[in-house]
Structures are given as structure tokens and as C-alpha cells.
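Paired with subunit B in one complex and with subunit C in the other, subunit A is shared by the two complexes that follow.
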Partner chain A sequence: MSAYIDQFPEEAKVIRSAFYASFFALALGAAFGLIQTLHRTDFVRIIPAEMYYTVLTAHGVLMVVTFTIFFLVAIFTWAVTTSLDRGVEDIRFTWSWYGLMTLGTAFAAIAILAGFTDRTEISADVLFTFYAPLQAHPMFYVGLVLFVIGTWLAGADWFRSWWAWKQENPDKRIPLPTFMVLTTMIMWYLATLGVATSIIAFLLPWSLGLIDTVNPTLTRTLFWFWGHPVVYFWLMPAYMMWYIMLPKFSGGRLFSDPLARVVFVLFLLLSTPVGIHHQYLDPGIAEGFKFIAMTNTMFLLLPSLLTAFTVVASMEHGARQRGGEGYFGWLGALPWRDPVFTGMALAGLMFAAGGFSGMINAGMNINYLVHNSLWVPGHFHLTVGTAVALTFMAVSYYFIPQVTGRRLASKQIALVQVVMWFVGMTFMSNAMHRGGLLGMPRRTAEPEYAGFQFETAIGTVGELNAQIALGGVLLTLSTLLFIVNMSITALNDRDDDLPSNTIPEPLSGPNEAPLVLDNLKLWTAIAVVLVIFAYSLPLASIVERGGLFGPGGDAFPMFLELADSFGFALVGETLSAMVSSLLETLRTVV
Partner chain B sequence: MNIHNYEKLWLIAAMLLIIGFIVTITYGSVGLGIAMIDDSEETIDPNALEDHERFGDLGVHQTGDGEYDVNIRAYQFNFEPGSSALGVHDPIVVPENSEVTLYVTSPDVIHSFSVVGTNANTMVVPGEISVMTVEFNEAREYGILCNEYCGSGHHGMEGVIEVVPEDEFHLFSVAGVDAPESAQAGDEVEITATVDNDALDADSAAVSLEIGEETFENELEVDAESSASTTFTVDTGALDLEDAVDIDWTVTVEDGSEATLEDGSASGSIALETDDDENDDTTDDDNDESDGGDQ
Partner chain C sequence: MSSDADALERHIGHDEFDPVGTLALIGIYFLILLLMWLFMYFVEFLGNDLTVVGMI
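Let's turn to the complex of A and B:
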């Protein structure tokens, strides 16, 4: 029995690098988050209003693409190697997908950050949804494509491990952690078809000037084809942690392996055919299609509700193992002083609240009230911004020592950090939800209007803004504590008695799960059929209405002669421009 | 597969909850007839909105008893009509107790048209027309904003809907004004204003003429969907003109709502002649809003 780094020293290096990339994105993203919170609430405005959108694009992309996905490829690699008890087949291949993801991030980030300076034409102020006819520099789209290809190869890596393992273990059930990784990746392959088509067939050629126009409804629909399942791509690694690690940290074992498999299969089947629920307010899409998406969405609640049950049941089991008693008394027996446990438990609690506001979003008619209001970032800072992000931060306190072999710098600070996130998010998210109900818009630099005011039933707009700003500051401080703690840990002394890298067996094991659950081909086929049902008619009708390349119109902002200006030579130029403008900004701020 | 009893109970409860949601929402949207934004409208060429029958004629139009259509263009970074706070366009004005159908489209990027604090909220996509029918039962103002990021000026994209008491709502516009181009100082001049009533009911218009420093007002009865004229007779000798060579005039009709500010008034000027240049006859000139209207 030994720590991960002793079992798989080579893999540990890749995993470490992925964690560091993810933390770097988190740190930068949090800095931008702070600028946004203080700017839109009018407490501190250090940038001109137009620049807010550059900041917001960077925050969105860094948080929900870079931070989350780099983190999840790290823990997926850990999960596959640990549960199959074998290293990757070829470590060079593993490094190559890591390299591709990094390169993609760099491209996209440079295109976005170049928006801060006028010294180059390059910009990508299109937010992470990049709805046409808003147009980004081609480098932005190329970056996204490289990144996604990187994740495809990562999936291939894990499938390869599983196939190799299967040759040697023909009669064994797929170990649960690997099963979770594989089902998640199948979902991801299916989902990314949408965004890949949108970028490769339309947006990239359009930004290069090869085609004149695109159909805005088509590219938007293809975006959401991917945009909803990507939510589960973030969430499923967090679920995986709740299923296989939370029981461990609460001192018990997972309640049921078969049900965990059922949950992941349901996610594979239902995550994709729902994307149109983001388009309830779009003209040009028939109400019937919206209705189908809504019904599917409601069924997608099922696996999350099942997860809630399993998580609570496993925690209770753990607490009773630790001597907890009584109807609710067992709660006191949980290891609340452990930041890993507490962070995950608080994340789970916030997810319950996020799930509730999500159900409201999903309802077609209520959605009209909250769509694109501040309610929506209120909602997803509970889900991806806490259920996922806080779970990731909490388990980092376990994983970083495992993959570096170093001692965690401070458990106390870690505990303060996770609680501070919870408190900060309570303020920020609650006030965002309330602001949204008043009609305050999201994605708006300065939501102050000359012609009208937001009407509050209780409290004032000023009080809401103060809560958002306070929450944002606490969240940023919490991120800072996390980053400092992790950095010191990475440079700390070796820890010679790290806990061994094990995953406890579930109470009811895989042999009670029907064999059909492991039939990945079958589930893939059903998932494809469901997607065809949900999307073929809407896509056909969108193309019929607007044409493949849309009804015409210009790109915004307009770029001239992009085709020649795009190239590697520009990267250096952009970087130097960025550095100088950063210095300039610093000088004006200081 | 072995499923724990509690787990079974939970599963059943979860399914009931989900089905309950679907049923209530189905009832809410189908049963109560709440209309969603959908594909019922034809597509439109975003580069030629002016040629479109609806968007070539922006603003409020009456379609039935208490029923109105409003045609709105949402563009970077205004609503036309709607964005009135900074004086760019007219506000959207509709009467209380009306059923208003809003038609919105965009010539550039994706926007939204969102009536603040209500569920009247839609995306506006170039090439598509968004339609919403809203009932306004109370005289008050509503804010409008764009909540879909549409570029660097997105946060300034706002407007208002003014719901006014029924008796203050009119669909008048000044169709043309007949005024002399020049007049002999001290003579009487006649200025005739023609007013259109686009409403489906006859209505009486308060037409006012501002000339020199004076203001005159005439009541004018205009039939439904037609026009009528009223003539002001002004004694230039009674105007306090000091040493002016031109008399400026403006005709205004108490307007309810029209697409553009120009429609509610027209103006021009009359050149004053003294006795020494008596050679010219005064000629009548048809001042309508397009050639006489600079305000």
C-alpha cells in the first residue's frame, strides 16, 4: 500500500501538470471575477466599460473551460490508473494530449487577452458562448479546436487502458471509477460534435474570410448542443468524487455500486438531447422542439436526485461507522475538521440549492422571467462555481500530496478556505438570484439605466450590490488562500506517511449490477438515437429557414484582411503588446 | 439488481416529482395558452429591413379595438422606437387596457428585448422576427433593456414603454402644412395643417401652431384612418417680431405615438417682405414633414 506517486511516478507527473494548469486558470479567473464583481456593482471601476467584456470572456473561458477541464483530465487519469491498477499504455501519448490542451488554451487566451490592448487588431470579446455574428480572431477558434482535440485524445488514452486491461481480465466487471470515466467520455464525444461542427464548418472559415456569412441560429444551436452536456462534463467528475471519495472521507463505503452505474448511464443518455432548453426564447425554433427539450431536461433531474440519496446515505453509513447515532445525531459524528470532507459536503449542500434554481430555469414559462438575468450566473455559481469548483478544491487537499509526495502545507487554512468559499458564495449567489428577479441583466458592465430603475420589493439595489461585492471579495480571498496553500505544498518537504491510494469497496458491489449496465456499445447507440430524435428536426428546420450560411449580414466587429494577419509571427507581437499594456495598466493603477 | 427499500421509495418520489413538473408546465403553457416565442413568423433579410412591409414602417399601429402592433428594430445599441432616455428615438407609447403585439428584429447581431421585471422577454436574432403579445392594464412606465451581450456598448442599450391612460393616447401625425413662403409684414397669413389619424376610431386632435413668440391652438376632429385639415389665421402685425426677417413656425399635434419624432410636428419659416420689394406674389408651398421639417 502506498501513495499514488509511488505507484505511478510517471503518470503522477502528468497529473500534477494538469492540476497546475488548472490552478493557474483558477487564479487568473478569480482575479477577473473580482474585477467584474466590483465593476458591475460600482464599487471599484479600474477598467473602461467596454473592457468589461474582455474580462468576462476571459473569466468564463478560464473558469469553465480551462480550470474545470484540466482538473478533470487529472482526476480521470488518476481514476483509470488507480482502479485498473495499471499505468497508461504510452506516457508519450499522455503528454501529447496534455500538450495539445495547453497549446489550445494558450491560443485562445492570447486572442482574448489581446483585447486589452489597441496595439493589435486581435481580440475575442465574444464571451464563452461566441454567438455569431459577433466574431473573434481566428486564433480563438483554433485554440478551442486544439483544446477539444486534446480532450478527445485523452479519452482515447483511457479507452486504450481499459481495452488492454480487458484483454487480461476478460471476465471482470469494469471497475466503477473507470466505468464513470468511460461513460462520461462517450457523452463528451457525442456532445463535442456540435461545437466542433460549429467551429470547424462555420465560425473558423468565416473568421478567416473563406465564407461571408453564417446562420446565427444554426451556430447558436450547435453551441448549445454542446453547451448543456458540457455542464455534465464538469459535474460528473464532481459526482465521481462524491461517489467514490466522499464515502471514504466520511469513514464508510459507497452505498451501492449498481445504482452509481445507473446514474452515469442516465447522464450519458440524457445530457445531450436537452440543449434547446437554453433557447426557449429564440425565435425561429418551434415550440414543440422546445417542449421536447424541456421534458428531457426534467427526466435529467432523476440521476441527480438519485445521487443526492446515495451521497447522503453513504455519509450516514460513514458517520455510523464512526459511532454516530440518532435520527440526525449522526451528522455530528462526521469529520467536519477535515477540509476534504467539509469542502465536499458544503459543495453538495450548495448543489441542492443550485438544483432548485435549476428546476426553475428548466420550466419553459418561468424561464421567460429569469432568462439572461443575473439569476442565471447566480444559479451556475452554485452548480459549476461551487458544487464542482469547491469539490475540486477540497479534493485537491488530498490529491496534491498524493501526486507530489509532499506534505499539505496547512490543514487549518484549508478548512478556513472551503468555509470561506461557502460563505462568500452564499452572499454572492443569493443576491444575484434576487437581482435577477428584479430584471437585472447578466453580462452587463454597468447595469444602471437612464430611463428606469429596478423596483425592489424588499431591500434595495444598493444592498444587493453590496452583497454581490462582499461575496465576490470573500471568494477571491478564498481562492488566494487555496493557491498559496497549494503552492507551498508543492514546494514542501516529502511526506513519508501519506495515506495509501485506495478506493474502498462499495457496500453492494458490482456483482449485483446487471451485466447489461457494462454494455457501453448499447448505451452509446441509444444515446445517439435520442440525440437524432431531439435534434434532426430542429436542425433541419433551422437550415431550411435561414440557410446553411444564414440570411447575410456583416460580422461584428469587422476584421480586415484577417487571413494574412493570422499566424505564429503574431503571437510574439501580441505577447509583447500584452506585456506593455499590462505594465501601462499597472502604472495607472498604482 | 438489489435496490434498497428506501432507495425504491426515493426513486418513486423522484419520478412523481418529475412528472408533476412536466404536467404543471404543460398545463401552464398549453392549458392557459401562454404563447412562447416560436417559428410562426417568416424570416427576414437583415440587410433590407426598410423594404420589409413591417419594419419599413416602425412604430405603433392599431389593428383592432384595443389591439396594437408595435414594430421595433433592435440594433447596436438602441431600440427604435424605445430608446428615448437619451433622446435618440421616441419611446414606445401604448394605451392602458390594450393588447399589444411586439414585433422585433435585428439588422446586426443577436440582442434581446426584455421588459424589465416581467416575463416579456425574447431574443432578437438577425434574420428572424420575434413576436410577443402583452397585455397592458395599468398606466405606468416599463423599462426595456437588452440582456444578450451584443458588443462594447451593450450596457447602454435601453428603452421605455409608456402605458398612458386611454384618453391621452392618439395616433396622430402631421401629414403636411400649407404655409406661405413669404409675406408682407403686417399682413394676415393662413397656415393650414393636415393631420393624419391612424387609429381605428375618430378622435379629436389638439393642433398647435407656434409662430414667432406666440402659440395658437385648434381643435380638430379627424375620422378613423383618415386626415383632416385646420387653418390658422395669423396677423403678422400682432406678432412681436422685433427686427426679424424670417418668422419661424412649428405645427405640433398632441401625438400618441409614431415611429419617429419628426412625425409629430412640422416646421418651416416665412420670409418677411418690406414695402420696397413688392414684386413677388406670395406662393403657397406644401410644407410636409419631409421638406419643411427640420426642428
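Let's turn to the complex of A and C:
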């Protein structure tokens, strides 16, 4: 057996390009994160308060769209090619979706970053959620559309590989890593219909001045139609790493292949019909619809709890094979000096804490306590910000040598880096949760409120702010160590002793999984039906109440004059000139 | 950097493996979840001043 780059040299080039794009976004996103955390806590303010929202948008979009999704297309390509043991069908097609995603990112990023300068009218200070009436320059929406189309084509690439493989292996079970990729992508196709409709039918025409108004409740709901499943689009690749790589690095084997399949099927079914739980406090959606979303959300805890069991059991298997004993003593036998293992294990531990705050968010009544408070960023910095991001950074220490053929620059620095992330996030996230309980708002540049004091039962606001700032600084340092380590690795000497690119067999293999689990058409159909149940009535009621294009109101800021740059106004002027000259001619003739 | 198969002291098959350590850890986690939820609901949620829920 050999390293990935020796098995699939052409695919390795695309994969490392995707990794590099994701690391670039991570570095930039981290810099904005630092500015933000120090500004909010009033330790260092280098930007005016209104620029905070440009920073916040850049941090959000670069981290949770660019970093995560570029990373996951890289590991999905790795997973499909490795587990099917075949290259992609047409490498030019693979490069084309990578190119489209890069182009889309460039469009969206330029629109956001242009917000820092007054030399151009272009800006996109709309935050990750781009809620109307906040309006971005059309370039932002066009960028998002191109990016999403790129991911659709990437999915098509992996489906194509699977179909070609199936022709040659008609009786075999879908290998688990490919199964995980395919179920995740079906979920993604279904979910992106919401955001695609929101942008293409409403927000983009609105920013171009083709329509005057949009219905904010409708575009928000369509956003969350996609906005919740996107969290599983980040998380399922991390789960894939926990199921496939964590047992490998623990020295054990995956406890159960069938259980892993059940988990991914449950995510396909339940990720989408829950988005309304982000809108518990939105007016314009009836309580009953919110209750349905809450019920689905509570069911969605199940696959994560199944994962906790399977993944911990797989680690325990590894620990016991390494000589671990007792109820807790086995934990000491795990390879804690290996940054790949330790990073993923700490990410999993943080996710357990995130599971708790997620349960609080999910309850319709108790959500009122924390809604729109600093608790919420505290929560998602545990989930996407650690469970996903730390897992991705940890496995990079395995993947980058695999796809470049180079020696990892420093394993010791890698270990320090993953631990530093964990410690930094413990400070920052814990203080954010507590701040949220005091009523500190999220998405606010300078939450001091002169003449008002947040009441604390334990500690002080100053102590919370210090913890948030300290955590933010540690996280930035950790990112810096990661980027430097990865950059030196990419330029390092060739490593001729790379471990072979293999995935250990599960303890309970695919043949013990019921055949129906591999019936992707059935699960897709059920997922569609659940979405129809959860969304058709709420959407119909929103449109009935506010109309497709809403009751009116102005956008903020106005971009209508910018339609000039896209030629629409020019076309309009030319048309009106032609019509008037035609009328003039007619008048003369008459 | 990979787990070296040589470092393993023994091989444990499907039938010999009894994940009692996992049961212990998950049990503790559930207990923490339960206690924290009780705290959040009864102390933080019901114990605080009126919210939108209480005023309507």
C-alpha cells in the first residue's frame, strides 16, 4: 500500500488546492475574529464601530462557508477515490467545479472586503445570514450562487464515480466513506433549494433593482431552510473523520458500520425540516409550525447521540487493544501525543458541551432565555468553531503529507496547536454562554449601554470580557501555528515513509447492515416528503400574509444606482430612447 | 504518525469487546446533561424576571 499522492497523483493536486483555499480563508477569518473579539470587549479598538459589521460578515462567511466547504470537498474527494479505489471519471470536470467555487468565493469576498473602503460604493455588510432589508451588492449574491453551483457539480462528480463503480461491482455494498458522501450530498441538494430560491428569485433581482421589495419573512425562512442543514454539511464531514480516522488513530476499528449508516440516513432525513427552530421568535410564523420544527429537532439529537456512542466505543476498542484496562483507565492508553488523535478527541469533547447548549437552543420556551444573545455564538463556536474546525485542522496533519508527499514540519507544534485551540475555546465559549445568560446581545459592536449594568450572580462583566478576549487571542495564535506548520510542510522535503492511505475494516462490517440502508432513492423520497410536511404550510401562510414580494419598505443600504455597473440601467435608457424616437417618427409621419 | 499495528498489545474481536468504558462515560455525560438542564430550566429560565412568555 502507498500514500494517497502515489495512488492518485492527479486527484491529489485538486485536493490540496482545495485545502489551500480553505486554509487561506481560515487565516483571513481568524484575523477578523481577533479584531472583533478585542473590539467587542473594549480592549483594542482599531476600527470604527460601523466597520464592525464588515469584519463580522467577513469572519462569518470566510469561516463557515469558505473554510469549511473547501475543506470538505477536499476530504470528500479523498473519501470517494480511496474507498472506491478509483480515480475521478474526468479530472477536467473536477477542476471545473473547483474553479467555479473559487470564482464564487472571489466575487463574494471582494464584495464584502470592499466595505472597508469608501473609494467604491460596493459593500456586503449583511452578515452571514443576509437578512433583508440588509442589502448586499449584486456581486455578493452572484458569488454565492456560483459557489453553490460549484458544490452541486462536485456532488455530481462523486455520484458519477459511484455509478461507474456500481457498473463494475453490481453486488457490493456502497463502501461506508462513499455512502457518507452520497447521503450528505443528497441532503445538500435538498437544502440548497431554499437558499437558491431566496437568492435567485428575490435577493439578487432586488439588489439589481429589478424588483422593488422582498418579503423579509419569506427570504429569512428560505435562508433557514438551508441555514440549519448547512450546519450538518459542516458536521457530517467531521463525523466522517470521527468514524473513519479516529478509530484508525486510536489503534482500533470502527465499532459498527451499520450504525454509522443509520446515523447518516437520519441526518439526510432530519437535517432540513427543522430550520424554523432558528425562527422561534420571528413574528409571522404560527406557533404550531414552530412546534413541528422543535419536534423534528429533538429527533435530530438521536443521530448525534448514536455517534457519541459509536465513536467513543471505537476509541475504547483501540485503547483496549493498546493495553488499556478498567472503566476509565483505558483513556490513558489512547495516543494523546498524536495531534491527529488528540485534536479530534478534544473536538469531540467540545461537541458534547455544544450538545448541551444546543438542547437549550432547541426548546421553544427556554430558547427565549438565550435567543439572539451572546450564548448563541458561544454555542456555535463549540460546534462549527471546534467540533468541525478543530477536527479539520487535526486531520490536516495527516492529509497534507498524504496529498503533497511532504514531511509534516512539526508534530510537537501540531500538538501544542490543537491543545491551544481547545483551551482558547474553553475560555471564550464558556464566557460567551455566561454573557448570553446575563442578556448580553450578539452581533453588537459596542455592547456597553451607558448607565446600564449587566447583573452577574458570579464574577463580573469585566471578567467575562477578559475571558472572551484571552480566548480569542489564544485561538488566533493557534490558527497562526497551524498556518505556519502547514506552509512549511507544503514546502518541506519529500517523505518516503508516509503511512499508507488505508481505512481499517469495522468490527461489525457492512454485510451486517440491512440492505435497505443503501436504498438512496427511498431515503431521498422520505426526506422530500418530510420537507414538504414541515415547510409547505408555513411558506404558504407567509406568502398569503405578506405577498411574494412583501408589504414594502426600503433596503439598507440602497444599491439601485449600482445596477448601472451591470448595464441594466443602460439597457433601460437605450430602450426608452428608442421608444421616444419611434414615437417622434410616428408623430412626424402622422 | 499513524497508529502502528505493532504498538498493539492484543487484538480484540467483535465478540470479545464489551464497551463498558463507553457506557461509563456516556452515563456521566447524561447525568451532566440532566443536571445542567434542570439548572437552566428551573434556575435560569423560571427563576429570572418576566420574559415575553410571562407578560402575555
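By definition in this document, the second predicted complex is superposed on the first by the 563 of 590 C-alpha atoms of A that agree within 3 Å, B and C clash if a C-alpha of one lies under 4 Å from a C-alpha of the other, contacts with A are read in each partner's own complex, and residues count from 1 in each chain.
What we mean here is this: contacts are C-beta pairs under 8 Å (C-beta built on N, C-alpha and C of every residue); 3 or more make two chains touch, one makes a residue touch a chain.
Bear in mind that the values here come from a model prediction, so they are computed numbers and not experimental data.
Peer 1: Kindly classify A:M294 by the partners it touches after superposition: subunit B alone (first), subunit C alone (second), both, or neither?
Peer 2: First partner only, subunit B.
Peer 1: Who does A:P335 touch here: subunit B (first), subunit C (second), both, or neither?
Peer 2: A:P335 sits against subunit C, while subunit B stays out of touch.
Peer 1: Taking the superposition as given, does A:L306 touch the first partner, subunit B, the second, subunit C, both, or neither?
Peer 2: A:L306 contacts subunit B only, not subunit C.
Peer 1: By the touch definition at the top of the document, which applies to A:S508: first (subunit B), second (subunit C), both, or neither?
Peer 2: both
Peer 1: Of the two partner chains, subunit B (first) and subunit C (second), which one does A:G326 touch, if any: first, second, both, or neither?
Peer 2: Second partner only.
Peer 1: Counting only touches as set out at the top, which of subunit B and subunit C does A:A286 meet: first, second, both, neither?
Peer 2: first
Peer 1: According to the contact criterion defined above, which of subunit B and subunit C contacts more residues of subunit A?
Peer 2: B
Peer 1: Give one of first, second, both or neither to describe whether A:F255 is in contact with subunit B, with subunit C, with both, or with none.
Peer 2: Both: A:F255 reaches subunit B and subunit C.
Peer 1: Taking the superposition as given, does A:L369 touch the first partner, subunit B, the second, subunit C, both, or neither?
Peer 2: In the superposition, A:L369 touches subunit B and subunit C alike.
Peer 1: Check the residue A:M359 against both partner chains and state whether it touches subunit B (first), subunit C (second), both, or neither.
Peer 2: both
Peer 1: Of all the subunit A residues, which ones make contact with subunit B and with subunit C?
Peer 2: The answer is residues 255, 281, 309, 313, 359, 365-366, 368-369, 437, 508 of subunit A.
Peer 1: Help me check something: in the complex, which residues belonging to subunit A touch subunit C?
Peer 2: For this pair, the touching residues of subunit A are 248-251, 255, 281, 308-309, 312-313, 316-324, 326-328, 330-331, 335, 338, 340-341, 352, 355-356, 359-360, 365-366, 368-369, 397-398, 401, 408, 411, 437, 499, 507-508.
Peer 1: Can you list the residues on subunit A that touch subunit B in the complex?
Peer 2: Residues of subunit A touching subunit B: 49-50, 52-53, 125, 127, 131, 133-134, 215-217, 220, 255-256, 258-259, 279-287, 290-291, 294-295, 298-299, 301-302, 305-306, 309, 313, 359, 362-366, 368-369, 371-373, 437-439, 441-447, 449-455, 508, 512-514, 541, 545-546, 550-554, 556-557.
Peer 1: Would you tell me which residues of subunit B are touching subunit A in their complex?
Peer 2: Touching subunit A from subunit B are residues 1-4, 6-7, 10-11, 14-15, 17-18, 21-22, 25-26, 28-29, 34, 36-39, 41, 43-47, 76, 84-86, 107-110, 112, 114, 116-131, 141-143, 145-155, 158-160.
Peer 1: Could you pull out which subunit C residues touch subunit A in their complex?
Peer 2: Those in contact with subunit A are residues 1-5, 7-14, 17, 19-22, 24-26, 29, 32-33, 36-37, 40-41, 44-45, 48, 51-53.
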